Amino acid sequence: MNTKELKFFLKKIRDGKIDIETGINKLRNLSYIDLGCAKLDTHRELRVGYPEVIFCQGKTKEQVKTIIQAMIKGNANILATHADEEFFAAVKEFCPAAVYNPLARTITMTRKKLRPSKNYIAVVTAGTSDLPVAEEAAVTAEISGNRVERIVDVGVAGIHRLLDKLDLIRGARVIIAVAGMEGALPSVIAGLVDKPVIAVPTSVGYGASFQGVAALLAMLNSCAGGVSVVNIDNGFGAGCMASLINKLK
Amino acid sequence: MNTKELKFFLKKIRDGKIDIETGINKLRNLSYIDLGCAKLDTHRELRVGYPEVIFCQGKTKEQVKTIIQAMIKGNANILATHADEEFFAAVKEFCPAAVYNPLARTITMTRKKLRPSKNYIAVVTAGTSDLPVAEEAAVTAEISGNRVERIVDVGVAGIHRLLDKLDLIRGARVIIAVAGMEGALPSVIAGLVDKPVIAVPTSVGYGASFQGVAALLAMLNSCAGGVSVVNIDNGFGAGCMASLINKLK
Amino acid sequence: MNTKELKFFLKKIRDGKIDIETGINKLRNLSYIDLGCAKLDTHRELRVGYPEVIFCQGKTKEQVKTIIQAMIKGNANILATHADEEFFAAVKEFCPAAVYNPLARTITMTRKKLRPSKNYIAVVTAGTSDLPVAEEAAVTAEISGNRVERIVDVGVAGIHRLLDKLDLIRGARVIIAVAGMEGALPSVIAGLVDKPVIAVPTSVGYGASFQGVAALLAMLNSCAGGVSVVNIDNGFGAGCMASLINKLK
Amino acid sequence: MNTKELKFFLKKIRDGKIDIETGINKLRNLSYIDLGCAKLDTHRELRVGYPEVIFCQGKTKEQVKTIIQAMIKGNANILATHADEEFFAAVKEFCPAAVYNPLARTITMTRKKLRPSKNYIAVVTAGTSDLPVAEEAAVTAEISGNRVERIVDVGVAGIHRLLDKLDLIRGARVIIAVAGMEGALPSVIAGLVDKPVIAVPTSVGYGASFQGVAALLAMLNSCAGGVSVVNIDNGFGAGCMASLINKLK
Amino acid sequence: MNTKELKFFLKKIRDGKIDIETGINKLRNLSYIDLGCAKLDTHRELRVGYPEVIFCQGKTKEQVKTIIQAMIKGNANILATHADEEFFAAVKEFCPAAVYNPLARTITMTRKKLRPSKNYIAVVTAGTSDLPVAEEAAVTAEISGNRVERIVDVGVAGIHRLLDKLDLIRGARVIIAVAGMEGALPSVIAGLVDKPVIAVPTSVGYGASFQGVAALLAMLNSCAGGVSVVNIDNGFGAGCMASLINKLK
Amino acid sequence: MNTKELKFFLKKIRDGKIDIETGINKLRNLSYIDLGCAKLDTHRELRVGYPEVIFCQGKTKEQVKTIIQAMIKGNANILATHADEEFFAAVKEFCPAAVYNPLARTITMTRKKLRPSKNYIAVVTAGTSDLPVAEEAAVTAEISGNRVERIVDVGVAGIHRLLDKLDLIRGARVIIAVAGMEGALPSVIAGLVDKPVIAVPTSVGYGASFQGVAALLAMLNSCAGGVSVVNIDNGFGAGCMASLINKLK
Amino acid sequence: MNTKELKFFLKKIRDGKIDIETGINKLRNLSYIDLGCAKLDTHRELRVGYPEVIFCQGKTKEQVKTIIQAMIKGNANILATHADEEFFAAVKEFCPAAVYNPLARTITMTRKKLRPSKNYIAVVTAGTSDLPVAEEAAVTAEISGNRVERIVDVGVAGIHRLLDKLDLIRGARVIIAVAGMEGALPSVIAGLVDKPVIAVPTSVGYGASFQGVAALLAMLNSCAGGVSVVNIDNGFGAGCMASLINKLK
Amino acid sequence: MNTKELKFFLKKIRDGKIDIETGINKLRNLSYIDLGCAKLDTHRELRVGYPEVIFCQGKTKEQVKTIIQAMIKGNANILATHADEEFFAAVKEFCPAAVYNPLARTITMTRKKLRPSKNYIAVVTAGTSDLPVAEEAAVTAEISGNRVERIVDVGVAGIHRLLDKLDLIRGARVIIAVAGMEGALPSVIAGLVDKPVIAVPTSVGYGASFQGVAALLAMLNSCAGGVSVVNIDNGFGAGCMASLINKLK
């Protein structure tokens, strides 16, 4: 339940449209549901503005299944990240409406109609190889109700490609800049626009990229203000942060 | 010149209130001014929403003086960071209006009247030792025209202190959470509020804190969404990012 | 042989219930047994309070088999860690009583009846993905004769789940807190209880978690006193340490 | 207030020995006192078993003074760590009873009479250079009401010195083992005794000791069970953990 | 002696203009001169194209003096790097012609007239704080007989400053790009010009810049071809490499 | 289009040999072609002296195919690196002229006849295991129109092998020195020749080689001037840099 | 050819037992043989006391085959390390006398009869999992003509096992001490014997052992003199070093 | 007492030249002397072949004084390392015979006449800046009774200097090779001689030398066999190890 739904629910109680017994049952699960292997945080959307998300890595298929089945009983849109094809096959069995994005490695179930925001989030990538992380960010933002514009392969090796797309980037309310290797893109963008830039380092590269550490450090040391950084390959975190910013009134 | 000032200027040209010659001289410095040891980016405020800031570390007193003197000829509010008492003494000589904040190690000159925003930024610290970095963030945000609320010493070793201040934190539009050592504060806050959290690791600690690396890593790996991170001890960057977010309409 | 058994044995010698020859044979193996590929430390339980444990990683199946067969000739409860299904199959062949815990990846053989302690050890995990490590700790503690209470998925992203279980955690004599990612859980617990907390970082996470280093550093830098740390993913070490503490009179 | 004192206080209220007004004033400060630069956690002793401790590093003398003056109004024993001679001089001015330990770099004020425990904590060092950290651990343990036995300079380069002191070490309820360089001491001790060992790496060494990282890693990778580790040079943390263990009933 | 001088010398021997005895004495020192604390590599210029250079750090003033005095007996231009004011004072005593560059921290003695090349080396810096390293590169290149163009403070936070200087940069035969913090400048330049770029990371920055490691990694991972990298703050190495390239026929 | 081709094209326009419509269509793609998953930088050769190269790692076969098909419509020689046999099979299907080098893991298509330079680049390896990286460098240099001399297995463990090949190395215009393990080869070569040396560390080694970090650091710290370094295993970057140097007039 | 063989050969020349032509052919290969993919250092044994050894990792089977076939034409004993079963199968085909040690992962061919030294090298391991590295050291030492005594599984968790074998260890001329995890064994041994100790860290362990880094650092920081260290898992290097020491007269 | 002295002493007892009471007093201190702040290992020379050495760093002047005064009562030669001028002044007061080596930073007292060995140890340095570490090694070896030959500044930037000294190096029984920066010297030497090489990395360098880590890694990864390594700047350890080897019969 988000804040709006909670208000709606409490009004119904006040107006006698929901009887007390039903109300108690409903509220009993407001805090969390104990699934044995997990405590589903059903209170999260009300508290922090987005529902719990399933991070599949390190979980068994059985555990993921248990969690999703419990979530389906609620009403939130469902997002599972770091999900490979096998996880999706397991989910698909009991939930035919589930959708898989093989690039982003996400499973989504849209249970409440999405009404995309008018403001948009720009998701910009330095290279083609950064697409999986960028796509995870975009999917996360979209299922949270944001409009997203994707701008692909505009890294600093050919900066005219970036300049060519500058108006589209400047028009966004918040920018997610995704880059591996030397991770220069967010700094260059932040030097050209007056919007907050969320930098996402990716593990694209080899040798002294140290699985994304080079890009991470570059972004943390940006000489341009207005840049903050999430974990390497953390498209989800960037999407989440951008959504909170984009929804500010 | 920021966008508003530029509009005002162009209207005056249109209306003949400023003659062409004067206009040309004014615009000549719109892009940057070459000072020899530096190229003052006078175009920055118009482009990215905040004027150039002087990072004193690694510069000589003479260089800082040259840059500030050039900035004074403009009209922007001036902020110098990482400035020790000696730098301030040198600036004070030719600029008596300069103000020094010894905790934040900033020099400020307020040349355009600040009209603080209605929305506020919450600057929260885990411990007393994190105050210098937090204060740099607060000073940066304030000189950029934001209202700031400071909440001090509410780290996770005594979490009731944090819960006691939760309403004040929740009321902010964006939160800057400053912590050294294990850096858990931003994760705990982000699990309790529905606003973007900018995490600032500090170098407070010793041994395996590795001058703030422990806190930095903890913040990058936050299990809570809605957290993004700036460099260790980078109060300025956090203040800058928060200001961009707080000013979004 | 543990201290109690050794006393019992020496009394029997004194009372003539065991003849000298038999006694000598028994004591000959008190120190260690040379198996060629290993020197089985049969003296360990007497010396440090728990019998030798087989760390399977890096050993061949043949070596593990040799060691377990030698241990079976003694009387101690047997624990093998880091054992995959193949190791278990090999052990099962000659030891049908062996039990495999696929989550903890342990093989156990309970040869002396366990009489669980009245005091209990609380094993607390931040997330579902931390369960394998937590389970290794719990299995280790249980086969050493301790009662264990498991509290799952109470990480700081939804701190109300932790507060809800606080009484159960406070009731323990010693707490094992298992967490990956930002590793904040042990600090938060240690700020709320007056019992020793053994922190176990896990390799759960990605990117800048550096296979558990982020969590390890966070735990080493805990701002709360009363926390000490074991190696990343070292459920065994935590169970062992907790058992020594729980058994103190 | 610790648990015992709280009981005593509540009984007095019940018995009318303290009037309600006085009681309210007393309890008002039970949670924390806001000092501006810090929130003194007056509730800590009641909650976690030991009062708040002042970590001087990164604080100004003025801040430390403010905090200690507030603590003096309470009744707890006071411990300040990482305090150099200058801090002590500042404290001495308003608090003549303060005691400085130059080796441990601690300031202590014993306000409640210490009744040392019967069980003792053994503090063992590998070398003479490890003494400052060991002494911080000992001072912390002693002001928390524990008896401490110090065993100095018994590192593995001359292991007969350790074996000579083994009975004294075995007699402790919990052992703090302090070592720099290769950090082997805790492993060797833990292989010889049946008590929990808290390992403290020190920054003693040079080159590839990396200010204590070598010792830290060695201790985390101990092949002996029953070892857990605190931060490099963290004598305070070790003393705190050992005290919690030693006080278990 | 460089190749040209050696040819000249051998011709003189052939033509009888230098007698054999004198020739032998001259050639005796061709290989190296043993100074006790050092073996002066007098053969270096002939072999690798530039004379030996004195790296002052870690040497005593006495040793530097001994080496320079031996070099003065030869005919090469002399360059000492990492020299503070004290070293210069010591050199100045016996060598009044020595010149000190306080920014570059170099001592130079021009003993053979410099005839600057027609082609120039562009030395470009991201910020004002990078000047000391850039200046060391420029001094090294100049004393090796190269023309140098300096372009200061054109980092990516205000990329229009770089674009404004692009013609001057493109006109160079080889480019030295000096940057600290996120180290993006060499990548951006290499994406815009068709000349070899030598990237020099500087230790400018703080926190996660790790004394220049962030910039170093960024440069090693440049997405643009045509970039190679020297050590952090290694202006000398960059000047040397650029000189070898600039002198290629 | 490179500079020569562009001149040729513009002359044809001037002379009416290409009509305006055709010209416009041709120039439309001069900047970049948007392929959805990538923005092909068709302007690169004109700008930086070599055409865009496909880095296969992290891309799908479908993406690589799309990019190569777009490049085939142009006229440049094509180079794809980090390509395994599967990528080659996919390319071979639609482009039978493609050539695979299994050691270098490159795919090449020579579409403009190569006219190797008279000057040559020496590619020198320390050991046999360094051959794949060396070969990538050689292939890159060759398809860019350079003559290459390969000198294999002349590492410092048997330095007479290197001295034996010194004349061949000295004859080059620029030297690529490839080494793993302790990475000493470039320093030794740079101490013996007067040409620029591009050092390429390889990930050959184990343990404390840290996948090439040991070699990388050794090369960055070369005591010999005239060495600059590219990323670990970055044969492509070295070939690219060497080609730019070799083509200088 | 080693020194002895070379003397023998030159005497035969002197005495006319080998004619000049044959002599020239023999000496032609004294320096190195160029195999295309490698330069076989046939001069190595004469120069450094042991023949070239084939490090298989990173080489193709074809390359290893070429090298071994060339070595077979000489007379030296052959050792190939880091060889898996597949390499052995390939070698076995053309060289039926080759012997494979699956634990050490070595291929050996004894072509000159080994006459083991009277002095022996002690190879001591901390645990069973360290055996592969220890065995590589032992095989290397044995094929170089040394007697080896193996002492297995005497790590510090049960130090009585080490003390029990002390006489055998003290009797050696040089000791190879092999340990993973906390790597304490070499320090403890070096504190007990008056012979040089070569420490070999192994990658045995997990988590913060960082693939042997913990053990490596511990060994480098040994508080006992008389310890030097080779690379992680470098059994070969240790065997080689020990052999050079053991053969000193 | 070393072995020889112990034999001599026991013979005197046997022959009645020392009475029993005197003998007991003498032997009482054979094991160790407890000095409070240290346990002087008087048994060390007998056990490991060299007497205890005082590592001054991290000790107070008072502690060093106490230890030296206790050692003076014995008969061993005394060596204190890492001693600055202040330590020496303090020692000089009560021990006028003490000698200070300011380069090596050692204090020595020769109490038993040194009879240098016939075999010598070669101490070789790459550069002048490596002299302090090399000198510590030489002093250590000399006070242990070895002859030492010093060869200075023969690093790989001018390899002819090394080749010129090859005979002197080859004549040694064991070689200590000291180098900072890229640390290539030990590998090159080990490829040219048939004696054990002890490599000592120094912290000479800057930037990516990481205070000697670059040299350390290079040495650990030496492609030449017959190299083992001690800690960064550990001249003492190298001297100690070389002495043990040089004294082997």
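Letters are used for the chains, namely A, B, C, D, E, F, G and H, taken in the order the chains are written, and counting of residues starts over at 1 for each.
Rule of thumb we're sticking to: contacts are C-beta pairs under 8 Å (C-beta built on N, C-alpha and C of every residue); 3 or more make two chains touch, one makes a residue touch a chain.
Computed from a predicted model, the values in this text were never measured in an experiment.
Considering the contact criterion stated above, the chains in touch with chain A and with chain D alike are B, C.
Between chain C and chain H, the superposing rotation on Cα atoms measures out at 180°, rounded to the nearest 5.
In summary, the pair chain G and chain H forms a contact in which both copies contribute largely the same residue numbers, shared numbers making up over half of all those used. Work out the mean CA point of chain E and of chain G, and you get 44 Å between them.
Centre-to-centre separation of chain D and chain H, using mean CA positions: 38 Å. Multi-chain contact residues of chain G (touching two or more other chains) are listed as 47, 127, 157-158, 190-192, 207-209, 213, 216, 220-222, 224, 231-232, 234. The list of touching chain pairs reads A-B, A-C, A-E, A-F, B-C, B-D, B-E, C-D, C-G, D-G, D-H, E-F, E-H, F-G, F-H, G-H. For chain E in complex with chain F, the touching residues are 47-50, 53, 173-174, 190-196, 198, 216, 220-222, 224-232, 234, 236-238, 240-241, 244-245, 248.
Here chain A touches chain E in the complex through residues 126-127, 155-159, 181-184, 187-188, 190-192, 205, 207-210, 213-215, 217-224, going by the rule given at the top.
Every residue of chain H that touches chain E in the complex is listed here, in rising order: 127-131, 152-154, 157-158, 160-161, 164, 180, 204, 206-209. Listing the residues of chain E that touch chain H in their complex gives 31-32, 36-39, 41, 43-44, 47, 52, 55, 57-59, 63, 67, 82, 201, 203, 211-213, 216, 231-234.
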